[in-house]
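Think of it as A, B, C and D in the order they're written, each chain with its own count starting at 1.
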Amino acid sequence: MALTREQMAQRVAQELQDGFYVNLGIGIPTLVANFIPEGMEVMLQSENGLLGMGEFPTEETIDADMINAGKQTVTAVKGASIFSSAESFAMIRGGHVDLTVLGAFEVDVNGNIASWMIPNKLIKGMGGAMDLVAGADNIIVTMTHASKSGESKLLTDCSLPLTGKGCIKKVLTDLAWLEIADGAFILKERAPGVSIEEIQEKTQGKLIVPDHVPEMVFA
Amino acid sequence: MAGFDKVVTSYEDAMAGLEDGMTVLAGGFGLCGIPENLIQEIKRRQTRDLTIVSNNCGVDGFGLGVLLEDKQVRKMVSSYVGENALFEKQLLDGELEVELTPQGTLAEKMRAGGAGIPAFFTATGVGTPIGEGKEVRVFNGREYLMEEAITGDFAIVKGWKADRYGNVIYRHTAQNFNPLAATAGKITVVEVEEIVEVGELDPAQIHTPGIYVDRVIQGTFEKRIEKRTVRSAD
Amino acid sequence: MAGFDKVVTSYEDAMAGLEDGMTVLAGGFGLCGIPENLIQEIKRRQTRDLTIVSNNCGVDGFGLGVLLEDKQVRKMVSSYVGENALFEKQLLDGELEVELTPQGTLAEKMRAGGAGIPAFFTATGVGTPIGEGKEVRVFNGREYLMEEAITGDFAIVKGWKADRYGNVIYRHTAQNFNPLAATAGKITVVEVEEIVEVGELDPAQIHTPGIYVDRVIQGTFEKRIEKRTVRSAD
Amino acid sequence: MALTREQMAQRVAQELQDGFYVNLGIGIPTLVANFIPEGMEVMLQSENGLLGMGEFPTEETIDADMINAGKQTVTAVKGASIFSSAESFAMIRGGHVDLTVLGAFEVDVNGNIASWMIPNKLIKGMGGAMDLVAGADNIIVTMTHASKSGESKLLTDCSLPLTGKGCIKKVLTDLAWLEIADGAFILKERAPGVSIEEIQEKTQGKLIVPDHVPEMVFA
């Protein structure tokens, strides 16, 4: 069975480590915050200038001056810091964020990512995505393995304009956990009940399948 | 003598000198920390053919979106646009030009403009459409793009508190691009919620030193919320 | 689990991992805001062949000057040196290398190092000995030098107050190069006068966010004054 | 009569304007602060990170954490701001300081300045001087017109290594007030009692002498 959005977030959360500074993109990445293991401390960075993003405010504490990069009203945790956009991207570009999780349209065997622009469709902009993929060492891309019409999103070459070149090493899809190295996707784990054949069929780029590919384990 | 007193008392005075064809840098992220009254004054003036540098372009009827209504904007330099239908229409009709710039690069371009750095290198955008036509150079085995600084004829900034000397502090995440825009305007205008006595702000805790600021005005603000997300009270 | 608690309780732990041949970035201007105990710990360790990046090199017997006593420093990157006789002697004897860098360029190189900017352009130093061998490029009709970023294996920083998460504020002009060094060390160690509770520092008023800081230690400081200038009381 | 150091500072102070942000170098430039006209507000920038430098502290208020770029203990005026060295030089390099006054060994007809390095003598460094001359539009160099042995410091070409290239337009010496334009020094004023002939004799670089060269006037 393909993973649900919640399961995808849960699997990504297994990659968190105590003391990590993490930037979570919009969509599934945002859900990762709901699965931070008990007793583990993680600080969320929001690229509009907030390190230590907290939960949503109540109707009583809502404040127009306190938002996240998704423009949602949020709160700050104890020990948070707030700064300018230049400082925020100094952190991101300078490689100080430990983990970045974001969505994509496509990734390819060379670690390229396309996530912001579909030609002939209205282009809204890349926001901070290009800075995030260029600045982080440790990035997890979350997306469905194939489009609704069945076309693979794990390609030999991205067909869409890139967000970043050669910067992606880890991908979590609804079917599999994969790493990218030496011009190939390496199948590390599969979703419970999903066959290697299905993953092979839905992966257009070169796929390396090790002898043993364990199923993901959820607590 | 006026000395360092930068307070003006009318929005007309605050934006005096703004002319057709100028470049205006605006602080704000989404609708958070935007100089809403200075934007309204630009609308009132009907200044045209403007280039606006701002992370976003407001929404229909609020923020920078109001400058689209009478087609005052020729070009937007932004990282993310299109939260407004009018923007989309003018873009498709070819009435509006957009230069999309990655958010961190945009912030750094403004900071560089204010700091006398004409250009810098960043890995952001290498191998993407943003890199087309830009110089690529390798440092320590990695490719970087050369990006040039941005300065403006005017910078319009929203602060929280300022003193008469133009020392400014920002409130929460309403800081965002504001201190960067403030450094890079030939004329920098800051509107704030409160003007405090000189000496009231802690010198070591000023976000924008007065040297960057030409005019300060006190206003009242709607502070519209773009995406209201709440949890139920515990 | 340790989470974000960065407090260490001994100077030995604070500088654990420092090895011969490493590059150390140090905050401070003159003797103001220098990490005096971290420097003493480097002396105690007798780590050698160090490259030290710091605006100045202390004085004889205090600050970075103490690292000259046992010839621990191979190279200084500074804007102004020679307040100490030992420095002068080792320089003339060829035991010490100096790379003079304009003060503003030095500050910007550290900031760039922390911010992932590998190089930038500045007008500072064009046509001077500092420009020799560096690329010159014209922007808007003016010549600029390309200067490359600086990063260090360690950054040693003197703060005023910090919380356990490594959020730091500086006191008065003891800020200087400290927040810049803090961003550009692979391992950044901050010594402070006081460790405060998490949440005590205003989030919008933190000079160095904890993300840049690896270790925090509380110390006591001599704070020697280099040039005591006073007026008589009114 | 050649100007005294105090008179030189006094003459420079006549160039101040109300609301100016000013950076004063070590030596004669520092004295300018003593001659700010009554009722005029000027803010002093010190490149170690202080805008709004005040007078020296008393023995009771002295603070090791409050110094100026000359490493002297100082105070801050009301309305001062304190910031990092990067921010300080952003102000300087970005051209936000209205007036910079500094000393020099030599200047030449092309606006070059040499002020930091004498070959074969111990070199202490340029400190912030290269940033200051490159960043400011409005610079006044203060120095004696000639060395003690009578050699001119106003040259066709600087003989010493430069601090900055083509950035000086105004020079105050103990003999004259000069501007630099189109490859020449233009004699604008002379010190009271100093003859044009003496100035001509002590100026090695091309000197343009207008028909009328007034004497400086001191209040």
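The definition used in the following text is that contacts are C-beta pairs under 8 Å (C-beta built on N, C-alpha and C of every residue); 3 or more make two chains touch, one makes a residue touch a chain.
Since the model is a prediction, treat every value here as computed from it, not as a measurement.
Remark: among chain pairs C-D and A-C, C-D carries the greater number of C-beta contacts. Work out the mean CA point of chain A and of chain D, and you get 55 Å between them.
Taking each chain's centre as the average of its CA atoms, chain B and chain C sit 33 Å apart.
Rounded to whole angstrom units, the spacing between the C-alpha centres of chain C and chain D is 29. Annotation: 35 Å between the Cα-based centres of chain A and chain C.
In chain B, the positions touching at least two other chains are 108, 111, 115-117, 122-123, 171-172, 175, 203-204, 207. Shared interface positions of chain D, defined as residues touching 2 or more other chains, are 76, 82-83, 89, 92-93, 135. Because contacts link the chains in a way that matches no line, ring, star or complete pattern, their graph is best described as other.
Interface note: chains touch in the pairs A-B, A-C, B-C, B-D, C-D. Taken together, the chain C residues at the contact with chain D in this complex read 29-33, 55, 78-82, 88, 91-92, 100, 102-108, 110-111, 122-130, 143, 160, 171-180, 207, 223-234. Chain B makes touch with chain D in their complex at residues 1-4, 111, 113-117, 163-165, 167, 183, 198-199, 203-204, 206, 209-212.
On the chain A side of its complex with chain B, the touching residues are 46-50, 55-60, 62-74, 76, 82-86, 88-89, 92-93, 112, 117, 122-131, 134-135, 161-166.
For chain D in complex with chain B, the touching residues are 18-19, 21, 39-41, 43, 45, 51-52, 76, 78-83, 87, 89-97, 135. Note for the complex: chain C touches chain B at residues 108, 112, 115-123, 137, 139-140, 142, 144, 148, 169-172, 175, 202-205, 207.
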